[in-house]
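You will see two complexes here that share chain A, one where it goes with chain B and one where it goes with chain C.
Moving on to the complex of A and B:
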């Protein structure tokens, strides 16, 4: 345990520790300061920070571009929601079923792709194909109400019930904050461990990694299953926070794209990039839509155009993402990755 | 169900598949030469479709006549895109190129959404409900025209690459990048030309698709995925493969729509994609990378 702790915080400079502590403290007290609307925005930010970190395990650490991560969140959401609505199983117990289901799905996709040498763009297209397959499949699946959608009984906001995830936005906020911090710690532990170094070796040069004796197939499988399992929690959270699930929405490719924008804008392969990216992107998008509403304009695609332009600008101008650039400015250093 | 129902549906599927094939041909040409995967392909097609719809509803210009002008517009768009935005990305990692085009696709879809709104639009030509009778078979006239136009366009493209000097030069770039530079070809310009040609294919295909299907802004990503399924099935970079893949997917979708439910038809296309990726990743007519 102390070894893990040392690995977690050992090589952080005092300056980095102060920044981290200040950030966590600010996030913990945020709901007391900001209004209900901003708490909802913060939940969305943390949700994207969380899923971005999960995706980052695959693309950022291991170099496997997945564009179908919505499938893992969607499976998690549906497994927990079906267990809850049909059998009254609490979401935290449902999570114990959702995680293995998503991990198994990741393992199937990974096995098929890595065993048969499907890499690069082909791998990305395979992940899209599976997500689309799931979207159309769930649209015709009776047990989840098909395209008509699955609804959870809407909660009374009178008292919070964290065990059954029924309650006020503030409760959901703290749940997501804890999950985001846990994911951050998990990523840091992974990337500073043997498995993380193997992932980085695979990302940098798979041939060389194999030549050095790394079982690349096995470590890529670890990456996809861990990433899928971590993502599935986001799905469970989504189901209980929004209370409705439509295959057309949860498995939509735009959901997968939304998940990857944070880490790309923040910095692929960095620990803090996905979190920073989620803040920057969602913050800007919310300000934009607020500004548009204030001007009396109702443009349904404007927010998406904005996402597209952001992605375009970052890919062209800051291919590394914002965080590596900002970290140099702040004099902050995270684990080498 | 009587046998000629199946045959009717199958012929309709093959004719639609030819248009799919032309669309996928554009993607295949771009990848084969420029080595960039155009993730905004279907979105480019939806630009062409909206052009066709607007020209028809405003001036009653028949899509069959507007095919060439719209293809020309898309050619210019593709040429400008490649020389302005994509050329600097040629040496960047794959995922970087890919994200550039994903970004472009998102922008196209939503700009179309802002301009035209989410409603479906159609082109109602005078011959929209005509059909040709061949013995027991009834074939929609629109599909026959669209399929025939796709064949003509594809044949011209094959001839261009086979017999013209520029076509030969483009093939040289595809075969050996360094070699093409050594013999003094302006590779950047040829890449831009190629991207333009690929965009023209999708422009022509999109114009003809308006005869067969309704148009919405959200249709773009669907066609991007479909184009991928087709070229990967046929063999990425193989021109006959793209046409063959188009026919195969068109046929599969039509029969799946008849035998199961139309809304589940693309599941079968994705099923074929998964099988091909697993057992013949280079595609039916593709060559294994050396």
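Moving on to the complex of A and C:
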């Protein structure tokens, strides 16, 4: 325990600790200051930060490009939602089933790819293919109401019920905030552990890592299963927050792309990158929408154009992402970020 | 002149942040105020449903003048784009409520509409659903959600009833059909519903074959050949625009004109279908929610749309989006206040008979569903759809069988 705590915070400078504490404090008190609208936007930001963090385990730490991560979130969403709607199983218990299902799916994809040497862009295509299989399969799966969509009952709750994930946006906000912090801590513990160093070695040069005695197959399998299991919680959250699931939307490739935009903008392979990227993309897009409304301009699709411009600017000007650049300016050490 | 740059101290930064936070957190909701009712209209105007969302928006654009002409109060429309995404739909709805919307309208897609409905319920702001067919929307026990659009079950039931009426009017009916449907969310759900409901209606035809195809198909020659090989009397289809055109072209190419094409979805009555296919577009029957061309309000809408958007035929998207605003304006007039709760009560007691869509008017049951709304049967005639059933809403007699494609010039 103490070793884990030491790994978690031991090498953080006082300045970094203050920044972190301030950020967490600001996020904790945010719902008391802002209205429902901004709470909803913050939930979306944290959701993207969380899924970005989960994806980062695959791509950022291990160098395996997955473009089909929606499959893990989708499986998590459907498993928990079906257990809830059909058997009244609480989502937290449903999560215990959702995580192994998503992890098993990740293990199958990983086994097929890593055992048979499917790498790089071919691995990315394989992940897309699996997500598409899932979309088409669920479109015809009666138990989840197929293409007609699975709707969770939305009763009126006078009070928040965190156990059954029924309640106000503020309750969902704190659930997502806790999950994002947990994912951050998990990633930091992983990346500063033996497994994390092996992942980084694989990311930098897989051949060299293998030559150095690292069982690259095993550690890549760890990465894909952990990443899939972590992503599945995002699906459970999605199902209970939005209360409807359509295969066409849940497994769509656009959802996988949405998950990776945060880390790409913020900084792939960094701990703060996915969080910063999610804040920048969603925060600025919402600000743009607000500004356009204030100016009396009605420009549908402006946010998507903005996303595209952001990506372009970051790829051209800051190919490492915003966080490494910002960290240097803030004086945060590379090891801390 | 020299300018001395203001140093960005931490104190200044904090002060600036505090002011910004205060500005964005300031409660913007001012309820029960006088002046026009603030109605937030949420539509998928960008993303994969952009075309339909923008079409619905045309119904919003022509609404103010018509509402004024029939003596209803002015509405202050707040336009919102859901970007065809459930997440954005929910966030935009919350923003509209925080910006002072006293009533919400939207959102074409059932998933997005349900996300908006949760915001409406939490804030006690009425939501009038323009288009969304998932039955669950009005089965959740919501108190602030009202739908002036048929559920999926109602659409299918009416379609079978209207088919029987058409068969009776022409004195003929197909004995066999091949059922072709697009394999996307909508097509699969409709196919499932058709197979479930058809036995209850004792239809005169039986389905010889069911052929599903990909929504992104660029060629349907194999599918049409397969359908032709079964030699059915008619084609039963659930399609979108692109595949409706592909099927028609294949029918022409393969020199096959079935007795009838009966569509239970969009595509066959859309403007682009007429523009692209010209004379070849005439003949197919569509069974869908539609407007009653004999109603005065529908005629007003047609005229207003023709003036504002020349070449655009009035359709479901325009009519039901307009009617959602009609419900809001009518309720506001009767409630006499912008208070959302009073407004919801007024919407609940809505009884509009002079509306534009087919059916007995607009009145909501205890669940918030308009049970008077009906489907229509439309047949393509000379570049536009005419209504051939139900009889009380028709402006033409159905023609049967289809005129052979080869004899059209």
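As a convention for this text, the second predicted complex is superposed on the first by the 321 of 337 C-alpha atoms of A that agree within 3 Å, B and C clash if a C-alpha of one lies under 4 Å from a C-alpha of the other, contacts with A are read in each partner's own complex, and residues count from 1 in each chain.
Following the convention adopted for this analysis, a residue touches a chain if its C-beta (ideal position, glycine included) is under 8 Å from a C-beta of that chain, and two chains touch if they have at least 3 such contacts.
Computed from a prediction, not measured in an experiment: that's the story for all the values here.
Partners chain B and chain C clash in the overlay (superposition on chain A).
When the two complexes are overlaid on their common chain A, residue A:292 makes contact with neither chain B nor chain C. In the superposition on chain A, no contact is made by A:107 with either chain B or chain C. When the shared chain is aligned, chain B and chain C each come close enough to touch A:301.
By the document's definition of touching, neither partner reaches A:12: not chain B, not chain C. In the superposition on chain A, contact is made by A:137 with chain B only, not with chain C.
Shared-chain residue A:319: touches chain B; no touch with chain C.
In the superposed model, A:200 lies in contact with neither chain B nor chain C. Of the two partner chains, chain B is the only one that A:128 touches; chain C does not reach it.
When the shared chain is aligned, no partner comes close enough to touch A:90: not chain B, not chain C.
Of the stretches 147-155, 255-263 or 273-281 listed for chain B, only 255-263 runs into chain C once the two complexes are overlaid on chain A. Chain A residues in contact with chain B (one complex) as well as with chain C (other complex) are 139-140, 300-301, 304.
On the side of chain A, the complex with chain C involves touching residues 33-41, 44, 47, 139-140, 146-149, 151, 153-156, 168-169, 242-244, 246-249, 286, 289-290, 293, 298, 300-301, 303-304. Residues of chain C that touch chain A in their complex: 21, 24-25, 27-28, 45-47, 50, 53-54, 79, 81, 83, 86-88, 90-92, 94-95, 97-99, 110-111, 114-115, 117-119, 121-123, 134, 136, 140-143, 152, 183-189, 192. Contact residues on chain B toward chain A in their complex (touch as defined above): 37, 85, 88, 92, 94-96, 98-100, 102-107, 109-114, 118, 217, 221, 225, 228-229, 232, 261, 263-264, 266-267, 270-271, 273-274, 277-279, 281.
Those residues of chain A that touch chain B in the shared complex are 59, 65, 112-113, 116-118, 120-122, 124-126, 128-130, 132-133, 136-137, 139-140, 253-254, 257, 264, 299-302, 304-305, 307-309, 311-312, 315-316, 319.
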